[in-house]
Amino acid sequence: MVNIAVLGCGRIGVMHARNIANHPRARLATVFDIHQPSADKIAAELGVKTSKSIEEVLASPDVDAILIATSTNTHADILEMAVAAGKPILCEKPIDLSLDRVNACYAKVRDKNVPIMLGFVRRFDPGHRATRDAVRRGDIGDLHQVMITSRDPGMAPAAYLKVSGGIFRDMTIHDFDMARFMLGEEVAQVYATGSRLVDPALMNELQDYDTVCVTLTTASGKQCVINNSRQAAYGYDQRVEALGTLGMASSQNRKNHEATLSTRTFTERSEPYLNFFIERYTEAFAAEVSEFVDAIENKREPEVGFADGRLALMLAEAALKSVQTGRVVNMSEMG
Amino acid sequence: MVNIAVLGCGRIGVMHARNIANHPRARLATVFDIHQPSADKIAAELGVKTSKSIEEVLASPDVDAILIATSTNTHADILEMAVAAGKPILCEKPIDLSLDRVNACYAKVRDKNVPIMLGFVRRFDPGHRATRDAVRRGDIGDLHQVMITSRDPGMAPAAYLKVSGGIFRDMTIHDFDMARFMLGEEVAQVYATGSRLVDPALMNELQDYDTVCVTLTTASGKQCVINNSRQAAYGYDQRVEALGTLGMASSQNRKNHEATLSTRTFTERSEPYLNFFIERYTEAFAAEVSEFVDAIENKREPEVGFADGRLALMLAEAALKSVQTGRVVNMSEMG
Amino acid sequence: MVNIAVLGCGRIGVMHARNIANHPRARLATVFDIHQPSADKIAAELGVKTSKSIEEVLASPDVDAILIATSTNTHADILEMAVAAGKPILCEKPIDLSLDRVNACYAKVRDKNVPIMLGFVRRFDPGHRATRDAVRRGDIGDLHQVMITSRDPGMAPAAYLKVSGGIFRDMTIHDFDMARFMLGEEVAQVYATGSRLVDPALMNELQDYDTVCVTLTTASGKQCVINNSRQAAYGYDQRVEALGTLGMASSQNRKNHEATLSTRTFTERSEPYLNFFIERYTEAFAAEVSEFVDAIENKREPEVGFADGRLALMLAEAALKSVQTGRVVNMSEMG
Amino acid sequence: MVNIAVLGCGRIGVMHARNIANHPRARLATVFDIHQPSADKIAAELGVKTSKSIEEVLASPDVDAILIATSTNTHADILEMAVAAGKPILCEKPIDLSLDRVNACYAKVRDKNVPIMLGFVRRFDPGHRATRDAVRRGDIGDLHQVMITSRDPGMAPAAYLKVSGGIFRDMTIHDFDMARFMLGEEVAQVYATGSRLVDPALMNELQDYDTVCVTLTTASGKQCVINNSRQAAYGYDQRVEALGTLGMASSQNRKNHEATLSTRTFTERSEPYLNFFIERYTEAFAAEVSEFVDAIENKREPEVGFADGRLALMLAEAALKSVQTGRVVNMSEMG
C-alpha cells in the first residue's frame, strides 16, 4: 500500500485524489490546498485529513509519495522540496514555463535517486498505448510517419490563457510528448506555423496562437506532424496515426456511447465526442496513478520522467522560435 | 463472344442491355419490347437492332442466349419457348407468382440441357459474396445463425403492388434466396409475422403486409431471421450477418461516398445509403451477366438456376401460409 | 445520503457494493453473505462492517434500503422479508425461476408502498438508453421493428447452467425486458426457435438450448426479433436497433479503445469487444444504483419494478412453451 | 453530342476512351498513339477508327475536342497545336515538368478563347467534392485547417520514377491542387520536409524523396498539411479533412465492399482499400469527362484550367526548394 498526498485540490487534483482513493494498492494520505476550503471539501468526501502546509505533508511519516497538482509556477519549487525530503513525485505538466528554471531544477533533482514521474497522461490512454505497442511490436514494420490531431473543444478562459505560457507550452506540449512516445527517436528539426483564427483579438493581445501545425523530423528522417486548434466545435479531438513499411496503426476518437441515428437526410449520425480531457482520459488518469504506484512498489523509475518533461518543453520552445522567426529550428540550437 | 438478346426494355431490361453491351465477352444481339418505342430508344442508344417478336428473336441465328426482363406473368411462357429453341436463359425473378405454374414449367424445362439462370442478383454483390465465401471457407467455423436485413427506401406504387404477388413473393423472395445462399442447407420450418404499419389502408385493401419478420430453421437447427420493411426512410437497407463457432462475418450498407460531417451537436454524420437497387447492386448486376456469359462459354450450369427460383417461391408460399394461419409451417407440407 | 446493505457478496454483489461505496449520495451500510469470508473480504476492502444474518440487516436502523444479490432461489423470500420490514429493494433478476412463486410473491409485496426495483441493468446503458430516448422523442417517427442481438462470449459452466432455469429465463430475460423497454407496448404473441449447436451434448442433457431466435408481436403489429447465442467467439455482442417511419436508431457494440490496424491483407481491424457484462455494462450498473438512490430520495417508484420482472419471466415462459410445442403462443394463454 | 479524340492509348488514355464512349452526350471520334498497335487495340474494342498523326486528328472536322493522355514531355506542344486548331482540350496533369516551359506555353494559349481543362481528377471524387461543398456551403463555418493524406500503395517502377520529375511534381501535385480546391484562397508560404525511407538507395540515386510532409499557409493564416508516402502497404490512402469554426468535414477511404470479419482475436476487420487510382477514382474520371463535355456544350470555361495546373506546379517547385534549402519558401519568390 502506497500512501500518497495530493497537493492542489483544483479540478485535476480532486480527480487524482479520487483515483488514488479508489486504487487497490494506494491510499490517499492527505490533501493540501493553499485555499483551505478546497482541501476541506475533497477531504470530507473521501474521508481523509487535510494538511496545513507542504512542509507538513513532506514531514509526515504517513506520506510515502506526493502528487503535485498545484499551479504551474509552484511545480519546480515543490519538486525540489519533495526530492530533498526523499518522497517520490507524480508532477502534473509542465514542470515550469521557463526552460531555465526547468534546467536549474533538473540540476538539483537528478541523480538524487528519487523517482519523479511527469503527468503526460495521454501515454496511458488505452488506444494511444495500443498504437504505440503496435509500433514497438513491429506490426507496422519500420516507422515512417506519425500524425497527431489534438484539438480542444473550445477556447480556455482568457484569464487562464494569459498565464498558460502560450499554446506550445500549454497545449502542444502533450503532443510533443506523444510524438516522442511514438517516434522512439529524438527530434532533430522543428517547423511550426501559428495562426490567429479562433479569437484573433485575444491572440493578438497575448501574442499567442490558437491554430498551429508543427512538423518534427528526426535524424533518420522520420516525420511527425501535429495539428492543434483551440476550438473544435464537435468536441475534444484526439487522434494518433502511425505509418510504417508494413501498415498503419491508429487511435481514433471515443464517444459516450455507440448510439447512432439515420433518417431521410443522413445516416449513422453519432453524438459529440467525449469532452473534455477528464472524460476522454478517465482511464488514462487512473492508469497513470497505477504506473506511479507500481514504480514506487518496485523501486524503479516511472515510465515517463523529468527528462521527458524537459524535452517536451524544449520542443515547445523550438516551435515558438520557429513561428517567431519563420524558419526551421534545429534542436541543436536549443542547448 | 456470346450474343445475347434482351426481352423487355423497362428499367431493368435497359440496365441489363447496357451491361451486356459493356461486357468484354458479350454482345447485345437485339432488343424486344411489346411497347416498340421502349425498344427503339435503348436500341438507338446502344446501336443495335430491335426485333418484332419473341419468335423472331428465338429464331435468329445471331442470338446465342436470351435475357428475360418482361413482365412477370410472361416469364414462364418465354422460358418454355426459349428452352424449346435451345437458347440459354437469364430470367429475372420470379419465374411466376403461382407455384403450380412454376411446377408445370419446371416439368417442361428441366432435363432439356438448356442452361437457365435466375436473376437473384444479390448473390453477386461483392460484400454479400465475400461474407458467403468467409462462411464457406470456414472463417467463422460452423454456421449457427444468419440475420438478413432488407428494407426498401419507400413503398412501391399501388399499381405495382397490386400485381406484385404480395411482399413474400415480390420482396422477401430475394432474402429467401440469400438465406439459402448463406445457410448451405435447406430450410425445414418457416414462421412469419406480417404487419400493416407503413400504409395500413392500402395493405388492408390488398390483403398484403408491409412489415414482416420471417424465421427459418434447418433440420440441423441452423437459424435465419429475415426482417423486411417496405419503407426505410434513411435509404435502401441491405445487410447480411453470419454467426459461427469461430466468429461473425457481415456485409454492411454502402454509401455514395465516405464524406462525413461533425458539428457542435453530432459527429461523423454520413449521407443516405445507395438508393435503390439499381445503384446499390450496380456491380452485382454486372457480375450476374458475367456469370451467365461464363456459364455459356464453359457449357456449364449457371450458379443459380430454375430450382433455386422454385425453392425461393416455395419459401414465400410457406411464409404467407404462416402469416395467414398464425402457425409454423413445415416445408414438407409445401409438396 | 441513502444507507444501503448488500446481501450476497459474489461477483455481482461485490461490484454493486463498490458502486454504492463510490456513489456520492449513497453509503454502503453493511454487507452479508451466507459464506462469511466472502462478506469479510469486500467489507475489509471498503471499510464497512458485515452482518450475521438477513434478519440483522433488516432490523438495523442504519439500513435504509437493501440490494439483493444472493442466489436466485432466495430472491422471493428476501423480497417478502424486506417489504415486511419496509426497506426499499433493488433485486437482481430474476425474481424467481417459477412463475407461480413470482405470482405468490407479487400478491404479498404489491400495494405495500415499498419501492421495489428490478436489476434490468441494460436499461441504464447509455447507448441503449439513447436509442430508447430517440424512439420516445419521435426521432424515428412511429416505431415498427426492434432488433435485439445479444450473445454471450462463451458458454457458462455446466454447474451454473444446470440451475439457471434455461436460456430463456436466464439470458433472454434481459432481452425480453429490453424489448418491452423499446416497444412501449405489451407483447401479444411469442414465437421461439431453439437449437443445440454450441454444446449439443450438454444441451441435450439439460434439455436446454444454446442458440435461440424469438419473435415478439404486439397487438398493433409492432415486431421485435431477439437473437441469442451462448457463444460469440469475438466477444460479448450487445446491440439494439429500432426502425420507425422516419428512420432508424441503433446502439452498437463498444470496445476497450478505438485503436485499429491496417496492413497488406486487411484494414481497420479492431480489438475484441468489451467482455463480459461487468465490463460492458460498467456505466449501466453505476447508473442503476443511481436510479435506485434517486427513487428513494424522491419517494417515487423506481423506473423498473416488480411488474417488469414478472412480465419478462412470463415472456420467457411463453418462449419456452413455443419451442416445446413448436407453435406460436398468445400471451393471453399465460394467465 | 461532343466528338472527342483521345491522344495517347496507354492505361490512362484507354480508360478515358472507354469513359467517353460510355458518356451519353459524348462520342469517341478517334484515337491516336505513336505506338500504332496500342491505338488499334482500343479502337477495335470500342469500334472507332484510329488516326495516323496528331495533325490528322486536329484537322478532322469530326473532332470537336481532344483529350491529351500522351507522355508528359509532349503535353505542352500538343496543347499549343490544339489551341491553334481551336479545339477544346482536356489535358492530363502535369502540363510539363519545367515551370519555364509551362509559362511559355501559357503565354501562347491564354486569351485564345479555347477551353483548356486540366486532369486534376480528385476534384471530381464524390467524397472529396462533398467535403469541398460542405466547406463552401458554410457547414463548418470559416475554414481554418485542411489535412490531406495521400499515399500510394507501393513504389512506382524505377524507370517511371526517373522521368517523373520527382515526388512533388509527380505525386504531391494532385494534393497541391486539392489544397487549393479546399482552401479557396492562394497559398503564401510553403514548408516541406522530404525523407528517403521506403527505398533509400533509389531515392539517393535519383535525388528524390519517397516520404514527404508539406505545410501550406495562406495570407489569412489558413493552414494545410499534406502527407505523402510512396508506400502504404494497406492500399491507396486518400483522405481529406477540413476544420472550421463550426465543425469538421472529411472524406475517408473507400473499400471494394463493406464486408467485415470478427473472430476471437479481432473485430470488424475490413479488406484493403480500393487500389489504385483507376479503381479509387473510377467515378471521378467519369465525372471529369462529364465536366469537360458540359463546359464545351455550354461554351464556358471548365472548372479546373491551365492556370490551376500552373499554380500546382509552382507549389511543387516551392516545396522542392524548401526541402533543398531547409527553409520556408514564400510564394512571392516563385515569380
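Labels A, B, C and D are assigned to the chains in the order they are written; within every chain, residues are numbered from 1.
Here is the rule we use: a residue touches a chain if its C-beta (ideal position, glycine included) is under 8 Å from a C-beta of that chain, and two chains touch if they have at least 3 such contacts.
If you want to know which protein each chain is, UniProt gives these names: A, B, C, D = Inositol 2-dehydrogenase.
Computed from a prediction, not measured in an experiment: that's the story for all the values here.
A count of C-beta contacts for the chain pairs B-C and C-D puts B-C on top.
Relative to chain D, the chain whose mean Cα position lies farthest away is C.
A separation of 41 Å divides the Cα centre of chain B from that of chain C. Computed centre separation for the pair chain C/chain D is 57 angstrom, with centres defined by C-alpha atoms. For chain B, residues touching at least two other chains, in rising order: 140, 233-234, 246-248, 253, 262-264, 271.
Residues of chain D touching chain B in their complex: 22, 24, 45, 125-128, 130-131, 134, 139-140, 246-254, 256-264, 271. On the side of chain B, the complex with chain C involves touching residues 140-142, 144-145, 147, 149, 151, 189, 191, 193, 195-198, 211-213, 215, 217, 221-223, 225, 227, 229, 231-234, 237, 243, 245-248, 326-328. Contact residues of chain C toward chain D in the complex are 233-235, 253, 255, 262-273.
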